[in-house]
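What follows is a pair of complexes built around chain A, which joins chain B in one and chain C in the other.
This part shows the complex of A and B:
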């Protein structure tokens, strides 16, 4: 079984009909999670436009720490692949980079391309550090924290703060590097820290080369940001309540909306694993899940896992781009390729989330009241 | 005096952009009732949510307001809006003149991009009061914002001009300030993060950033002038400015032409 209503297994079409009914009557539905292949995320944006929903990816808060800084002052970034090829200096900020594989990969070799080719690669840590397996020089962030240390480093690099200082050596190394890379997790350093970091990187580019390298979130957030950009020209926290996409990172924060009682229905899309928020339990929700148990929400529909059951466009962390990923097994038959199917009959196999969303859109667009009747306050 | 009375708590956020005395003066009550204020596909209008009484005057009262009313007084150019109750986000956004008063508390981004006029919030203000919204060039931009209670984090974030007076503020007050003045009784940790120019004055403050340096006790004429200009608006803030003050310069992470004044002692 791949579909459930109130925890009871049902045929898939019954669940899709229940999902459509749940969303059709909603005043302010929210589509959250969005931890899925780009086709499914695109289908979610398309459906949101039809029914006036808002959207918020599970990666929202960490994504917006970076998007806020990008929107405020721009950024100069590189990719992990370029960093491996070119960097003679890597500065890891905080603890998060040391929990990823990228530090180990960067430590394993030196630059082979560009102006730093043939040099050795120096690994530095500010406000964090490894367990000794990777050789690096560690600098303390100080009691004011990482964001304050980034600001201090920027002041030292620009020469606005002079004299002996624990971070003066780090500032000198950044200035002397031919191709520096600063690794960071936007969620860890926060929006203000990320903006300061981008300022530091831009200052360094007055005299040498240096780039920021944000660690991606594990929930397809970077891909969602791109789908949102090409669909709406804005970030992913948009609402279609008034027909056009309104971008408002505060208003369309799904957790805030749920806590404030502003949403009356939700669609949780996670064809890839993502932590279910607790508010799902309090809002009537349709969940499209790659690994369903059946009791996660009022209506649960199992969908194909991208990169396993089906080939899909997914975020490729190393290239820092959306890339095609082949399935690990033969793709199953997709439902929309089967127009002869009898209505109500169970479908063979598991559908991609995009197909379920397209079916929901077809049902909701055809419903007699796409814009429910007005009611007074 | 024209009056809008909210009938009951709205089932969705409402957007009151442009509902100011000048615009309502040109409308009959029936026409005003048809103005769109809803933010969902239900298309709620002013008449769906409010009892409307218009007399063409330059003063508008909004009664029974709740924190779901966004952009109250946004774009106000002249006249007076008096709100009884709370308001949601972006109170007085882009306001150019006139006065706007709220008897309760305000949501985030109060006074964002406001270039003129005076906003008074009797209660508290949430985060980024006088601050910039996502990607915006500036927060408060010339208007005066007075907060009777506590402001949240990032008070005056990226403000470019104008004056903010608050009782208390959270962390990162005056973050990314481009210019302008913030006076508060008490501000939290790490004020002025990334500020380029501008002036912060606080009777008490939390931990300072390592990129702020003390530049000694100052007796500046400009502070006495500021005290004089504040006397009518906020006498307590004016008294603070007449006390002997120590000056810190920052944020040296950026331009470093900002300053924080705190009492000597």
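This part shows the complex of A and C:
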């Protein structure tokens, strides 16, 4: 069984009908999570447009720390592969980079492309650092915190701070590097920290090359931002309540909307693992889950896990791009491939989230008038 | 269903047709006049009937278009009933369709970001779409050239990239310039070396020109030259044209290169004057060359380019004062917001030069109308630009409203030419279709795809071309009286090109080493578009 209503297993079609009824009765629905393959996220945006829902990815807060800084000042960035290939200096900000694989990978080799090729690679840490497994030079962030330290560093690099300073040596190293890379987690340094970092990097490029490299969130947020941009002209969060897309990161925060009683139904999309919000228990919700238990929400429908049960376009952290991921599981009972099956298409019996959402859209388009009574399923 | 578009003034330059008559349509194609009674008649009396418009160079999808929206949320904002050319793909499709355009090509699809670009293109409704695969700064290609791996290896790598990204053609953007920028360069010309490879921009360009010819790609190599927008950039274009040595070549947004340095000894400080006559003259001597304009129009826009060296150099002109340079895996991209001021001497002269290029054109089929959307301004300015080309009086009034330098440093005020409807069709239909090698569009002869625009013939050409009376896509009416009536989804055109298995293996190993992901990660399979049949194959030249 892969579908449930009120925790009771039902056939899939019954759950889809109940989901359609729940959404059809809603006056202010929110689609949240959006931790899924691009096709499913796209289908969610399409359905949201039709029924006037707002959309908020689970990655919303950390994503917006970066998007907010980007929209206020711009950025100079690079990719993980370019950092591996070209950087002679890597500065890791805070604690988050040390929890990712990228620091270890960067420490393992030196630059091989561009003018720094053949040099050694220096690893520096500001306001964080590893357990000693990776050799690096650590600089303290100071009592004012990481964001303030980035601001001080920018002042030092630009020559605006006179006299000796604990970060003066770090500033000198950044200026002397041929290709510097600054690793950071937007969620950790915040919008203000990201904005100062972007300013620091831009200043450095007056005389050398240095680029920021944000660590992606683990919830497909950077792919969702792209789908949002081409579907609405804006980054997330977005609402279609008035017919046309409106971008408002505060207003369409699902957590805030649920707490304020502004939503009367929700669709939680997570074909990949994502932490469930607490409001899923109180707001009538349809949950499309890759790993369902059945009692997570009013209506639960199991969907194929992208990259395992079906081929999918997913955010690829090492490439920092939307990339094709072939399914991992091939059918064991099927020694020979079905010649009718497209490569990368879902295995028999698997419901991709995009197909469920398309079915919901077809059902809702067939009975577009809101009908509150039908919401009680 | 047999349809007769009856009694309109039918314009088809490919058949020397400009007369009142009918166009017959059946099964999505134009057919010969029929004796049978039509199932449907579209009254085109008082109207002009042309093939659907074809766009060759408009930034409508891809990572940089996305970044521009994220950098400038205020520019892409949606208002009720006011689609925005900087907004969603849906708005873009709607605005093109209303103007009678039915095909549009995104010219900058980096192979490393092909899947996202193709996903985005597929979300532009009402049009057929295509993307050009960008090469010329990627380490793999530069390695092959540096190691003198031979023309066949370069050809095979180009073929593999086109096939993997499902592109319609190949583009090169300031060959080697992005790589040079990453190594600190801020100036870069045709004979400058990419520092880490010891290759000149010319060598890279040559390799790609040969590969495109060897593969018989219908669309010639689409070239964004070095030194865009600088006084003296006309030298770059003319040198690049000479470097093509007779091979087919397309110059993107030529207006941005038609700037002759006023002071040859101090080109960057002495200002510029129009080089449009020089470029038009060169074009008339080189039948192998085509260009699109990159017409400037006034107002706020965002410049979007994979020429990150140029975008970095232009950062201090950003308005508002925020910009992005993403030094990506090959080119990356740069977004610099810009406001073309209608009372500004520079913007006004740029505006004049674009019109001058078209009015001096030796062959409108080879000087295609674009604004390099959104770089010169939004594509929604086409109706006004056509109006100015067709009406000398309107042009004079427009020019009089701008600073005198626009008239003094260009020959625009002396040009008497007024474009005919046939020339408009060459500029926006038959020319771009021929350039892309799409033999089934850009004309109305039997067999043509029934992508057809019907305009009310009216003296106000801006109004006429802004909102078509009827638009047919594949024979179905999608626009009535300037409004969308059916949301056709269109197809994405991709070139059928065989990739060499040996090169695929080599590339897979190369990509694994550099990205930790093999060739399959870079593919654009049909399964990425579940429930849809997105792609349509286009054949190579025979």
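We adopt the following convention: the second predicted complex is superposed on the first by the 349 of 377 C-alpha atoms of A that agree within 3 Å, B and C clash if a C-alpha of one lies under 4 Å from a C-alpha of the other, contacts with A are read in each partner's own complex, and residues count from 1 in each chain.
Quick note on the criterion: a residue touches a chain if its C-beta (ideal position, glycine included) is under 8 Å from a C-beta of that chain, and two chains touch if they have at least 3 such contacts.
Small disclaimer: the values here were computed from a predicted structure and weren't measured.
Chain B and chain C, once both complexes are superposed via chain A, fit side by side. Looking at the shared chain after the overlay, A:243 reaches both chain B and chain C.
More residues of chain A are in touch with C than with the other of chain B and chain C. In the superposed model, A:170 lies in contact with neither chain B nor chain C.
When the shared chain is aligned, no partner comes close enough to touch A:19: not chain B, not chain C. In the overlay built on the shared chain, the residue A:235 is in contact with chain B and with chain C.
Legend: residue contacts after superposition of the two complexes on their common chain; A:71 is shown touching both chain B and chain C. Once chain A of one complex is fitted onto chain A of the other, the partner contacts of A:161 are limited to chain B, with no touch recorded for chain C.
Once the two complexes are laid on top of each other via chain A, the angle at chain A between chain B and chain C, using C-alpha centres, comes to 90°, given in steps of 10. Fitting both structures onto chain A leaves chain B and chain C with a minimum C-alpha separation of 6 Å.
Under the contact criterion defined above, the residues of chain A that touch both chain B in one complex and chain C in the other are 67, 71-72, 235, 242-243, 247. Those residues of chain A lying in contact with chain C across their complex are 38-39, 42, 67, 70-79, 81-82, 84-86, 113-115, 117, 178-179, 205, 208-209, 211, 225-227, 229-235, 242-247, 310-313, 316, 318-319, 321-326, 342-345, 352, 354-355, 358. Touching chain A in their complex are the following residues of chain C: 61, 63, 65-66, 69-73, 76-80, 84, 86-91, 112-113, 115-116, 119-120, 123, 139, 179, 182-184, 195-196, 312, 318, 322-329, 332, 335, 514-517, 520-531. On the side of chain A, the complex with chain B involves touching residues 27-28, 51-52, 64, 67-68, 71-72, 142-144, 147-152, 154-155, 160-161, 192, 195-196, 199, 235, 239-243, 247-251, 262, 371-377.
Per the touch definition, chain B reaches chain A in the complex via residues 6-13, 38-44, 48-49, 68, 70, 89, 108-109, 132-135, 158, 172, 175-176, 190, 193-194, 207, 209-211, 251-254, 256.
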